[in-house]
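A, B, C, D and E label the chains in the order they appear, each numbered from 1.
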Amino acid sequence: MNLAFDLLVGLSLVWVAWRIVGSRDHFQAVVLFITFGLILSLAWTRLQSPDIAIAEAAVGAGLAGVLFMDALGGLSSSPGSPRPAVPLTLLFPCLILASIMAIAVLFVPEDFLGLIPVVHGALTDTSLEYPVTAVLLDFRAYDTWLELGVLLVAVLGVMGIRRIGSISGSRLPAPADPVGRWIIRILLPIMVLIGGYLLWLGAFAPGGAFQGGVVLAAAGVMLWQAGHPSLGLLPRLWWIVLLFCGFLSFLILAFWSLFHSGRMLAHPENKLWILGVEYAATISIATCLISLVLASPGRCRVRDN
Amino acid sequence: MNSLLIYSITATSLFTIGLMGLAAHPNLIRKIISLNIMAGGVFLFLISLAYHPDDPGVDPVPQAMVLTGIVVTISATAFALCLARRITEITGSSRLEDKPEDTDS
Amino acid sequence: MPELLVLIPFTAALLCFILKGVLRSLAALLGASLTFSASALLAADVYQNGAIRISLGGWDAPLGIGLSADGLSVIFLLLTAIVGLMVSIYCVPFFSGLHEQPLARHFWSLWMFLWGSLNSLFLVSDVFNAYVVLELVSISAAALAALSGTAASLRAALRYFLTAMAGSMAFLLGVGFIYAQAGTLDMFLVGSSGGDGPLMAMALGLMTVGLIMKSALFPFHFWLPPAHGEAKAPVSAILSALVMKGSFFLLLRIWFNVFQDSSLTVHAASVLGFLGLFAVIWGSYQAIIQSRLKLIIAYSSIGQMGYLFLLFPLVLTTVDAAWKIEAWTACVFQAVSHGLAKASLFLAAGNLIQASGTDNLRSMRNIAGSLPMTTFTLALAGISLMGLPPSGGFVAKWMLLQSILASGQWWLAAAPILGGLLTAGYIFKILSQAFVPGAEGACCKPVCFVMEKAALVLAIFSILIGFRAEEVIFLLTDRICAANPGGFWP
Amino acid sequence: MTINELLSVLFCLSGGVFFLAGTAGLIRFPDTYSRLHALTKADNLGLGFIVLGLIFVAGSLPETIKLVLIWPLAMIGSSSACYFIANHVHRLTRNKGITRD
Amino acid sequence: MNTFFLGMALFLVLNILAGLWRVLKGPEPADRMVAAQLFGTTGVAALLLLAQALESPVIRNAALLFALLTVMAVLAFVRNTSYRDKHNNDH
C-alpha cells in the first residue's frame, strides 16, 4: 500500500509539472502550480517531514499563489502563444539529462545514514530537543543567518526597484462585498494563533522559527488583501526594527560570542538566548515576506483607484 | 523499488522538466514558475535521501537544508516577480526580448 | 580573525540603510576601510603562520560549518578589499550628485551586503553553505544591476538573475549528490573521502555547469554584456571585477578540494580548457566590433575570464609538478590583474559618461584634452589588460605561455597570443578616439577629483603587482590548506 | 476490529463517497454555478464524515479537539471562497451583458 | 487499520487527479479556481488521513493550516481579475 501511494504521488507530481510547462494559458499554469504545491506537501508528509509540509503549504498555497496571481493581474491574459509550448529540439537533450540522473540515483547506497548518529550524539549538549530546530539554530546557525540575509537583500532589492523607502504607502482597495471583510476578521486571529503555536512548538516538536514566520506572513498578507494596510500601518522606524531584528539578533550574538568565548555564533548556556534569537528570526521572516508581497505592486496600484 | 528510489527519480525528472520550462517559455512568469518546479525537484531529492522508513527515522540535516532552501527560493521568486512586473509596466511586454511575431504579451 | 571580514560589512549594510545623507557615506567609508584593514591583517596572519581553519559555533566539521582562510582565498580577499575600497571611495561623490541621490540608500546597503557575502564566499568550507552564499551574492548583484531603472537594465538584471538561479539550483542538486555519496557536507572531509563513482561524477558535472553559468563561460555568457553594460559604472565595476571571480573561486575549491584526488576531473579538464580558449577569442573579437564603451569593456570581461579556465587542462594533465606552480601563479595573477584593470576601466568609463553624457565612442573625441587623468587611467589599465611587460597581466600571460609550452598542449597557446592581439585591438580603439581632435562644441561637465583619483589608483595597483610575484607564489605553495599536506599538486 | 474502528471505517468510506460525488460533479456539471454547488456541499460533507471517522480512532483529547476545530474552519473557508467565485462570475457576466447559458 | 487510512488517502489523491481534468479543460478562469478550491478541501482530508495512517499527530497542524490558506489564492484571484476587468471596462 505504501508503494502504491508513493507511485501515485510521484507520477502525479511529474504529470502536473509536465502540464504546467506544457500549458499555453498562463492562468492555468498558476492554478496548476498551486496544486503542485499541494501534492508536494503530501509528498513531504509521506516522507515523515511534517515541518517541511507546513512550510511548503504556507509558502506554496499562501504566498506564492498570491504573488503569482498579482503578477498575472498586471498581464492582460491572452489565449497563449500559438506555437507548441516546448520545442522538440529542447525535449531530446532534457530526456538524456533526466535518464543520466535517474541512473545515477540508482547508486545511492541502501543503508545511507547521513548525519543522523552525529546529530543525535551532539543533541544532548544543546538546549534544544527537536533535532531539526537544533541543526537550524545551533549547529548550522551560520546558514540560517545568511538565509535571513538573503530575505533582507530581497526586500532591499524590491524596494530599490520600486524606488520606495518603506512600505507605508501600499494599500489595496477594500473588497466590495462584506464577506471579504468578514472572513478576514474570523480567519486572521486563528492564523496568528497557529503561527504562535507552531513557533512555541518548535523547541520540542516539528515547528519553530521558519514555520511560525511563514504562517504569520500568510496572516499578514491575508490582512492586506482585505484592504487593511497591515504592515503599512507601522511607522517607518518600527517597520525597520521588525525587518532587521532577526538578522540583527544573529549579528549581536556573533559579535558577543566572538569576543566573549572566541567562537563565533556559539550559543551561551542559558536557553533564553536561543529562544530570543528564534523569536526574533520568526518576526523577521514574517516581516520580510509581508514586505515582499506588499512592496511588489508598488504605489501605482493605489493611485489608479 | 523502495520509496527512496521512486521519490529520487521523481525529483530528478521534476528538475529536468523545470529546466525545460525555463528554456522553452519566453514569458517571464512562466520562467519563474519553472524555476520553482526545479527547486521543488531538488528539495524532493534531498529529503528522499533523508528518509528511512523504520530504523533511526529521518535525517535532520537535509530537512534543515530544505527549510532554508524553501525560504531562499520564495524570496528569490518574489524579487524576480517584482522585476518582471516592473519590466511589464515599463515595456508593456512580459518577455526578455520583444520578438515581433508573437502576439502573446 | 576571518569572522570580522563577514561581520563588518553586514553591520555597515544595516547602518547604511538606517542613516541618511552624509552620515550614511561616513558609515559606508568607515565600513569599507575597516573591512580593508581586516583583510590586510588576515593576509599578513596567513602569510606568517599558515592557513587558518575555524569551526563556527564550536561544532566541528561533520556537523557544524567551518571557515577556512588559506593562500588562495587570502589573495582573492585582498583583491576584493582593494577594489571594494576604491569603488566605495568613488561612489561617495558619485551618489551624492543630485541625479543619483534617491538611489544612495539602496546602493550602499546592497553593496555592503554583496561585499560581506563575497568575503564569506572566499572563506567557505561547507558545500551547502556555499549554495546559500552564492544565492546571497546573486540576489544582491542582480538588485544592484537593476538599480539604474531603465528598461534595458531591468531586463539585463532579470536575465542575469534567472541564469544565476538556474545555476544555483544545479549546484544544489550537486550538493545533494555529494551528500548522498560522502554523508557529510564539509569540503575537506569530502575531499579526503575519495571522489570517484557515478554519484560524484554527477555532482561534479552539475556543480561545474552551475558555476559556469554564474561565471559566464562561453556557452552561458549571453547575460553578461547587457548586465554589465547597462548597470551604473561603479556597479558594473563591482560585477565584472569581483562577482565573476567569486563563482570562479568556488569552482577552484570544488575541483581542487572536494574532488582533490578523484580521477574524474582529468577527463573534464580539457573541455573547460577548450571553452576557455573559445571564450578568449570570441569575447575579444566581439569587444572590437562594439560601438559603446561599456559594452566593449563588458565583452572584454568574457575574454579575460576565458584565460582563467585554461588553468584546468594545464594543472590536471601536466605530469611535471614544477610547471603546475607556474600555471597556478599565471591563473591567480590573471584574476587579480584583470580584476584591478577592469574595475579601473569601468570607473574611468563612468567618469567619461558623466563628463560627456553618453558612452558612445564617437562622443569620446578629444577627451585627452579635457580629462587627461582619465585617459591616463584608460591607458594604464589597457597596458595591464594587454599584458605589456611591467604589468601584472604580463606576468600572468608570460607564465601562462611557459606552462602551456611545458605541458605540451600547444593548441592552448592560441589564447595568450591571439587573445593579447585582439585585446590590443579594442584597447587602442578606445585610446585612439581619445586623441582625435573632435567637435569643439562637446560640452565637458567637470568630473569630481576623487572619482578620477580612485580609478587611477586601481590602474596603478594593477601595474604594481607585476613586481611582487614572490609573495603570491609563496602564498600559493606553502599556505594551502587541503586535506593532504601536498596541497594542489600531491 | 473493535467497534470504534468499524465505525471509523464506515464513516471514512461514506466521506470518500461524498468526495467522489463532489469530483464527479466538478467534471460533469455544465456551468460554473452548478460546479460551485458540487464543490461546496459534497466536499464539506465528505470532510465532515472523514473528521468524524477519525475522531473515533484519534488518541488523546487535544487531538480530537484539533480535529473538530479543522472542520468548521474548512467549511468557513470553502463556503466564502464559493461566494467570492460566484459573485465574481456574476459580475463578469453582468459587465459583459451576455447571459450565460 | 493504517493501511485502510492510507488507501483512503490514495483514493483522495486520485480524486485530485480527476479534478485536474477540469483545471486543464475549464473554459473560464473561474472554473479553474473552483477546481483549485476543491483540491484544498480534498488536500485537508488527505493530510488528516495520512496523519492517522503514519501515526504522527503533527501533520494535523499542516492540515489545519491548509484549511485556511486555500482562501488566500481565491481572494487573490478575485481581486486580480475584477481589477483587470474594471480596468478594461474603463477605456
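Criterion: a contact is a pair of C-beta atoms (placed from the backbone, for glycine too) under 8 Å apart; a residue touches a chain by one contact, two chains touch by 3 or more.
These figures come from a predicted structure and were not determined experimentally.
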Length of the shortest touching-chain route, chain C through to chain D: 2
Drop chain B, keep coords as is, and the touch graph gives one piece
So the chain most remote from chain E by C-alpha centre is C
Which interface, named by its two chains, has the most contact pairs? A-B
State the chain with the largest centre-to-centre distance from chain A, centres being mean CA positions. C
Centroid distance [mean C-alpha coordinates] between chain D and chain B, Å: 31
Using the average of all C-alpha atoms in each chain as its centre, how far is it in Å between chain D and chain E? 11
Suppose each chain is reduced to the average of its Cα coordinates; what separation in Å results between chain A and chain E? 19
Each of the following residues of chain D touches two or more other chains, namely 73, 77, 80, 84, 87
In chain A, the residues touching two or more other chains are 2, 46, 48, 51, 70, 72, 76, 101, 108, 112-115, 119, 140, 143, 147, 150, 154, 157, 161, 180, 183, 187, 190
Expected list for chain B, residues touching two or more other chains, is 12, 15, 18-19, 32, 41, 45, 49, 61-62, 65, 68, 72, 75-76, 79, 83-84, 86
Every chain pair meeting the contact rule: A-B, A-C, A-D, A-E, B-C, D-E
Can you list the chain C residues touching chain B in their complex? 128, 131-132, 135, 139, 142-143, 146, 151, 154-155, 157-159, 161-162, 165-166, 169, 172-173, 175-176, 179-180, 185
Would you pull the chain E residues touching chain A in the complex into a rising list? 3, 6-7, 9-10, 13-14, 16-17, 20, 23-24, 26, 29, 32-33, 35-36, 39-40, 43, 46-47, 50-51, 54, 56, 58-59, 61-62, 64-66, 68-73, 75-81, 83-84, 87-88
Help me check something: in the complex, which residues belonging to chain B touch chain C? 12, 15, 18-19, 22, 28, 31-32, 35, 38-39, 41-42, 45-46, 49, 61-62, 65, 68-69, 72, 75-76, 79-80, 83-84, 86-87, 90-91, 96-97
Chain E partner, complex, touching residues on chain A are 1-2, 4-5, 8-9, 12, 15-16, 19, 23, 27-28, 31-32, 34-35, 38-39, 41-42, 45-46, 48, 50-51, 53-54, 57-58, 61-62, 65-66, 69-70, 72-73, 76-77, 172, 175, 180, 183, 187, 190-191, 194, 197-198, 201, 205-207, 215, 218, 221-222, 225, 304
Would you pull the chain C residues touching chain A in the complex into a rising list? 1, 3-4, 7, 10-11, 14, 17-18, 54-59, 62-65, 102-103, 105-107, 109-110, 113, 116-117, 120, 128-129, 132-133, 135-136, 139-140, 142-143, 146-147, 149, 154, 177, 179-180, 183-184, 197-199, 201-202
